[in-house]
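Written out below as structure tokens is the structure these notes cover.
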């Protein structure tokens, strides 16, 4: 559903990623690791066209990125759930409305029961009416994950979604993503948390990718 | 140096923390854990007077918080290095100037060699001239930690300082804090990362606190 | 799409919620629109009043001149006829008429009292000249009169009022210039305020783009808010300005040289145009600014 | 501390760096200051010009009135004397003088030509009255004249120009009101712009507080930037406004009824005051806003 072929990218200076390829197929589960500053976030941004590859081909749902208009990109993003590393919200709307925002923007009706269930799953049932600036760091990440999955998107791209939550909550969030994966969605998680990767491998057949020397490599069996 | 006695705090509603006491002495090393949303960040904010306790006594460097003027608080903060969970910077100044900001604000001369060494230690030597919005998540955390320790403050309060960095870098940052601790500084780190706590315990005699049921408890031997 | 935008922007309030409802920039926009509308009302009133003034003065002058014919007893009739003939063939003269005795008496009364023995006096005859459009060429007429009726002297005494009309016209121009300046400054300020609101709401825009909102959806929310704010502000400013002018001490009582600063009849429609104009400016400014900002993001 | 603040704010540029150097709010502030200064220059020019105008008209009138004494041949002298006596004892009369024959002839020439046999005519005597300060009470004088010299008629013909002076005074008032409005609107806009800049820079303030910056340090940086911006903007607006007025087609040539809109002599100092005033307003507004925002944070 998301296809990168020989993609390169650099912020002005030398290339950060060069000749990177990846194909996210329905039902696939990927982890992305690599040292801090190696380009994980950059890679994810290339996937949802927040950045445009300087070389190579990117395809979203069969459409080549270069041929997509701004509206095409907006529509494609409705099929991609993104969890940013620094979770941003509409600070003037309560958590529940922020989580439901993708539905609102797409003009889809929201089902209050579904929303409640999702909020309860990520442990935000009691904070549903709080404003985002009143959330704790972990609560923000959970709200961001809830927002990313509420449309039940075809692809979920999550950037360090468990960096600020405790281990129990990490497993809970992981199981949500595993559940989606079993429904055929493609999942890609950038993380430093090796324990999380190990826990996931017990539940699904996840592939672990590692950025090294500007390349995407399959990580060894040590994980 | 920071003393909390029977401190309570709640955001408007019911108390989040009640009757909490802690004394940060020179050379002490504390970890603060607890589930996401339990009040770790709140506790740290009480320590550097970003929040004012609704009950109980807070003392900073021997001064009771209630008697401190705004300028007193500003001066006290120069002796406390804080790493926020969401690291904020002056986005228009390069990383090096952001890291040196506490010196600038205190009117102290900055030593370029020291600054360079510190930046190299946290792995930001090559990003010294970048603007904060151009940093990766982990780079931001490292810059925030560098800013917190540049004045070699008497107390370092760090909120989840390794949430976005890889394991090797986490150890590197930890060793920086251990080094400071050996120089007699008090260190308090809020974190979910149990591996980090275990690693620290091998180097210093750290006490692990846990927030549970609005109370601060000493964590068991499982850590 | 562009045309439908205005309608959609006004009728579609749902997208509004995604933009923070208020804030300092909002207050700034509303206040700016109000203050500028207030000033515009004054400039408009000044312009209209001086326009009226110029018109009144011009019409009061009635564009008249006088030819005085004084000659030895026997020649008066001949010279009078000659002067009238000259005037008849002078371009710019609408009509020329010899004043009768009663009229001359009325004219002289302030100087000589009512009992003047007109018939026994060698009083000159007076010809009242009404100018047409364009006016007469006074110098040319003087030359011709000197040739054909040496006893006739042209006194275009009405000219002394001409500068008044010019002055009023200049004031009106000044008022118009002020209106143009105010309108321009308002447009620029609203544009800058819109830009600074958009810049301040960078996070809102990023979040909306992230969850798949189309540019038009995002722009709509901002455009609608700004249009409403500019409209509301300008409306308030206009109402205040009109009220201030209505409660101004009435000039009419101070002598009718200057007409009141208020609005008369259909002139009341002018201030009504201010708020919609401000709204249109805000609509265009915000829309352009919004799409510019949006296009700078991926 | 407060007093030293201004000096420190201007002389201490180091803290400046911590505030983002520019942005949309900066541009908005500069432009607002410039536009308002531009308008203020025009309002000032209008006010000063109309003030001059009113003065000139008032002095040109020379505050004169005429008393016409017409009576049967024998009584003229008596009535003239009586009228002069009345005038001598009337408060507000500076001097009263009977016109001699030559003067009367000059006055009547436009109507009768130069060859008027004045001595054979029953022409009234004219007394020229110069008013003092305050002017005469025309109605009271008329009543007294009617009683003491029935043949004397007061013609305060100069009164017809009074409305002109009133009109000019009203215009000057209008100019002053415009200046006050513009100044008030400018102050409010700068205050709001400062507030919105402070709100937009919440992160800067939080970071600075976190690293132990004192309120005065933070406020200083903002205050200095805003003061400089307001000053620079107002200066640019003033220069543009003065230039625009200087290059305005000269009114003097259009007849000397309306004096030019320009500045004369010491009046040039007035526009010079605009930029410093704007700076002071910005200084106070930003300072108050900054400390208000800062105190709302812990």
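Each chain gets a letter, A, B, C and D, in the order it is written, and its residues are counted from 1.
By our rule, contacts are C-beta pairs under 8 Å (C-beta built on N, C-alpha and C of every residue); 3 or more make two chains touch, one makes a residue touch a chain.
Given the structure is predicted, the values throughout are model-derived calculations rather than measurements.
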{"item": "Those chains which touch subunit C and also touch subunit A", "value": "none"}
{"item": "Steps in the shortest chain-to-chain touch route ending at subunit D and beginning at subunit A", "value": "2"}
{"item": "Highest-count interface - the chain pair sharing the most C-beta contacts", "value": "C-D"}
{"item": "Farthest-lying chain, centroid of Cα atoms versus that of subunit D", "value": "A"}
{"item": "Mean-CA-position distance for subunit B and subunit A (Å)", "value": "29"}
{"item": "Subunit C and subunit D, separation of their C-alpha mean positions in angstrom", "value": "21"}
{"item": "CA centroid of subunit B to CA centroid of subunit C, Å", "value": "68"}
{"item": "Euclidean distance of C-alpha centroids - subunit B vs subunit D, Å", "value": "63"}
{"item": "Overall pattern in which the protein chains touch one another (line/ring/star/complete/other)", "value": "ring"}
{"item": "Set of all touching chain pairs, with the criterion as stated earlier", "value": "A-B, A-C, B-D, C-D"}
{"item": "Complex interface listing, subunit D residues touching subunit B", "value": "14, 17-18, 20-21, 203-204, 206-215, 217, 295, 298"}
{"item": "Footprint of subunit D on subunit B - complex, ascending", "value": "49-52, 70-71, 73-78, 82, 84, 88-93, 97, 101-102, 104-106, 147"}
{"item": "Parts of subunit B lying in touch with subunit A, wherever the complex brings them together", "value": "11, 33-37, 40-41, 85-86, 123, 127, 134, 136-139, 142, 159-160, 163-169, 192, 194-195"}
{"item": "Residue ranges of subunit D in contact with subunit C within the complex", "value": "23-25, 27-28, 31-32, 35-36, 38-39, 42, 46, 68, 70, 107-108, 110-113, 115-117, 121-124, 153, 155, 157, 162-164, 166-167, 170-171, 174, 177-178, 181-182, 185, 188-189, 192-193, 195-196, 198-200, 251, 254-258, 261"}
